[in-house]
Amino acid sequence: MIANILDGIVLGLQFGLLAAGLTLVYGLGGVLNLAYGQMAVVSAMVVVFAMDAGVPAFPAVLLGLVAGGLFGLLLDLTILRPVYRLHGEARVLLSLLLTLGVAFIVDGFLNWRYPLKALNLFIGGGAVEILGVPMRRGSLLASAITLVTFAALFVFFRFTILGRAVRSVIEDEEGARLVGIDPHRMLRLILVLSGVLAALVAITRSMVIPVDVQAGFGITVFALIVAVVGGLGSVPGALLAGIILGIVSSIAASSIGTFMSLVILLTAAGVTILIRPSGLLGVKE
Amino acid sequence: MSDRTTATGTSAIGGVEPRISLSLPSLLGLIGAVGVALALVPLWVGDSRVLMGVAVLGLTFGCYAIGFNVIFGSTGQLFLCVGALAGIGGYGGAILADTVGLPIIVSILLATLAASLTGGLLSWIAVRRSLGVIFTGIITLIFSLTFDTLLLGLGWLTGGENGFLIKSGADSFLREQIPPYYLMLVLVLAFLTVHGLLRRSHVGWAFRALRDDEVAAEMTGIDVARYRVYGALVGAGMLGLAGATYAFTEGRISPNTFGFAQVDVVVIVMLGFGGIGTLFGPILGAATFTVVNEVLIEFGQLRVLIYGTLILLLFLFLPRGVIPTVRSLFVKRRATRATASPD
Amino acid sequence: MLEVSALAAGYQGSDVIRDVAFHIDPGEAVMIIGSNGAGKTTLFRAVVGLLAPSAGEVGFEGEDITGMPAQRVVRLGISFVPAERHLFPRMTVQDNLSLGAYPKRPDPETMAVVMDLFPRLEERRSQTAGTMSGGEQQMLAVGRALMSNPSLLVLDEPTTGLAPKLAAEAYEALGVLRKRGLTVLVAEQQVPLAMAFSDRGYVLENGRITTEGTSAELARDPEVRRAYLGVT
């Protein structure tokens, strides 16, 4: 049981960080980025290509993170321009459709050209015992990195001027403008950040299991579900929802089997959304 | 930047529908004309089994698109479970006929009913919890994924990954080359007629009102909840009926037949192209993209990439779809001609 | 300091205000009065950059700021307190105020002045803005606007929803700020309060300026007396 919970936490931390990127973009700019999974996959592929070309692991990872950020920047500069002219529901719908198009383009390209590529960062060394359960070093490193990233995000949003400025746009966009904050610039920043987060999750995930070219849409769906359950726009919510759903998924998978555990996960998410549409830590409209 | 025109809701994507200007005879006539045109298709692809299969699938998607149009175009509910609802029809009919042993007609009707009620239930839940467009989309997406997972997981019932081989009706006209086409064509025309009549009725008037401004509609006494559920019941019923009929003509269905990527995405693009909320938009979209899809088959995996590019181009440049755009061009031309005429 | 000429603005193609012209000199207190729907909010939003004008010009300290987006206008020294306040509900009073100084760090002196002016804000430093009463939120909105040390403060109906005592206190605070050199532009429905406070005023009716003058002149104007001061 403890093994399941720990595995669930490892999985959940990843879910959470993944969802955080998606939820921030929605909460700040009312944009639903369905190309999110592809951001993660492209970053992972950059790392693969770099390493294939002889670049050592650490710099390759950095390149991957930069790639993720650049993807976000590109989205902002190109596809999202018409989206910004709309507001509210229309904006979400158009952003959803356009990013879906981008997702297909990227996904199609990768699957066509490099159908078998995958990123697998193998972390050597024996298992480490946590609470009597042997955990792989890869899982532990991935979790540690994820926790550090969450801590960094926390510090950023709570204690830096820029972080507070970002929060203020989520709270009240017009109010933010009135104090001199440019909501569009903040959105651009957050899009870049979400790309980096997606990249980070893909890279740390590859320390646990390989991340392949087809993972894109699955990543987006998971990120979306966790983000919605946690409350769109809330990073703590994403973390909480991630961990809970991670544990549920892990326990269900070992006791019932993968198919049913997926059904349980989806149903749990669906029920949570129905009971509390604003999410676990979201704001009640 | 500073305030722009705020376009909210589905009107921004689908376009605000002008008043219906067709009289009943014209409407039926137009539907008839479409029917005649489509009836001629087997004349030149009738001897190719493959191409007839494509044509049947094209008409099936036309039905799906009409059903989705009723749910999303007419009542503004973003149901991302078109494939799943059609799948309830398809798998439901197959299981009832083969496993339970009911006659095909009964199986189809019961499966259609099941799909319709499911759609109505989803709509009712969304209305009760006041879920906006996006959350309705998310909940129905979750439903879609759950359904898909159940199809794969409950192998003993559904055949799992390998699919379901439908034995009922194997020797009947349903599996021949040409009759299924006309069967689906009948469905298409029937759906068009139902949708067309619905739009002209007081129900259709309520639909338009609540899609464009829910609050205003409520204030004029329109029970938004009830009409939304009506729309979902009708639309989902169409999806189930089409799914069930298609299943029996194909003889073999698998989770991929009704998957999100295979059905929902395609239907959204078809309807988006034709014009969300228009009557003939689904037909235009289905016809166009069935042809496009066939052309793209030789590109293999590149198809997905091309598809993505088409989606981008479509929603960047023709966000309201072909029919509304063409209509407004017509209106503009008439207007400029009027103002340009000499005194 | 602020010059507005031939300004027109509105929503979705139709103008709410037309041909509006007024000016403010440094150190003055100017009021725009008018009934509901006259266009006061539209006017302010167009001046401040929350709405793009369809015609006309806005000049501030010699610079043309017509159509400049709000986030840049603020940096030039104009602070706007909208009727809906637009505070950051889940952030503390402290955070709301410090953001007022964006992009700079909050100046401790300015903070002290604001706290002095609104002692209740000092008490509720760590309280979240959304949980405060209407009056306190109004104080916070004004306080936040002051944190950037503006040269011109624009307020849209600052006393809406405030009890008379609080409304009077609000204008007292504005009076203190005026003495320290702040130029104020205020839109009001509660005309007597605004009149006592302002040097000059303009009457906005159906989107156009119909009357202007010093407060004393306006107080004597029979039309103004009838429409806004309830004198028959």
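Quick notes
Read from first to last, the chains carry the letters A, B and C; within each, the first residue is number 1.
The rule we apply is simple: a contact is a pair of C-beta atoms (placed from the backbone, for glycine too) under 8 Å apart; a residue touches a chain by one contact, two chains touch by 3 or more.
Owing to the predicted nature of the structure, the values given are computational and were not obtained by experimental measurement.
Here the two chains linked by the largest count of contacting C-beta pairs are A-B. At the centre of the protein atoms shown, by the Cα-centroid criterion, sits A. Of all chains, C has its CA centroid at the greatest distance from the CA centroid of chain A. Our note on geometry: chain A versus chain C, Cα centroid distance of 42 Å, whole angstroms. Remark: chain B and chain C have CA centroids separated by 52 Å (rounded to whole angstrom).
With centres set at the average Cα position, the gap from chain A to chain B is 32 Å. The set of chain B residues that touch two or more partner chains comprises 1, 4. Touching two or more other chains at once are residues 50, 69-70 of chain C. Of all residues in chain B, those touching chain A in their complex are 1, 4, 6-13, 78, 125, 129-135, 137-139, 141-143, 145-146, 149-150, 152-153, 261, 265, 268, 272, 300-312, 315-316, 319.
By the touch criterion stated above, chain C contacts chain A in their complex at residues 50, 69-72, 74-75, 79-80, 82, 85-91, 95, 98-103, 105, 144-145, 147-148. Within the complex, the chain A residues that touch chain B are 32, 79, 82, 85-90, 92-94, 96-98, 100-109, 111-112, 115, 184, 217, 221, 224-225, 228, 257, 259-260, 262-263, 266-267, 269-270, 273-274, 277. By the touch criterion given at the top, residues 161, 164-165, 167-168, 171-172, 174-183, 283 of chain A touch chain C in their complex.
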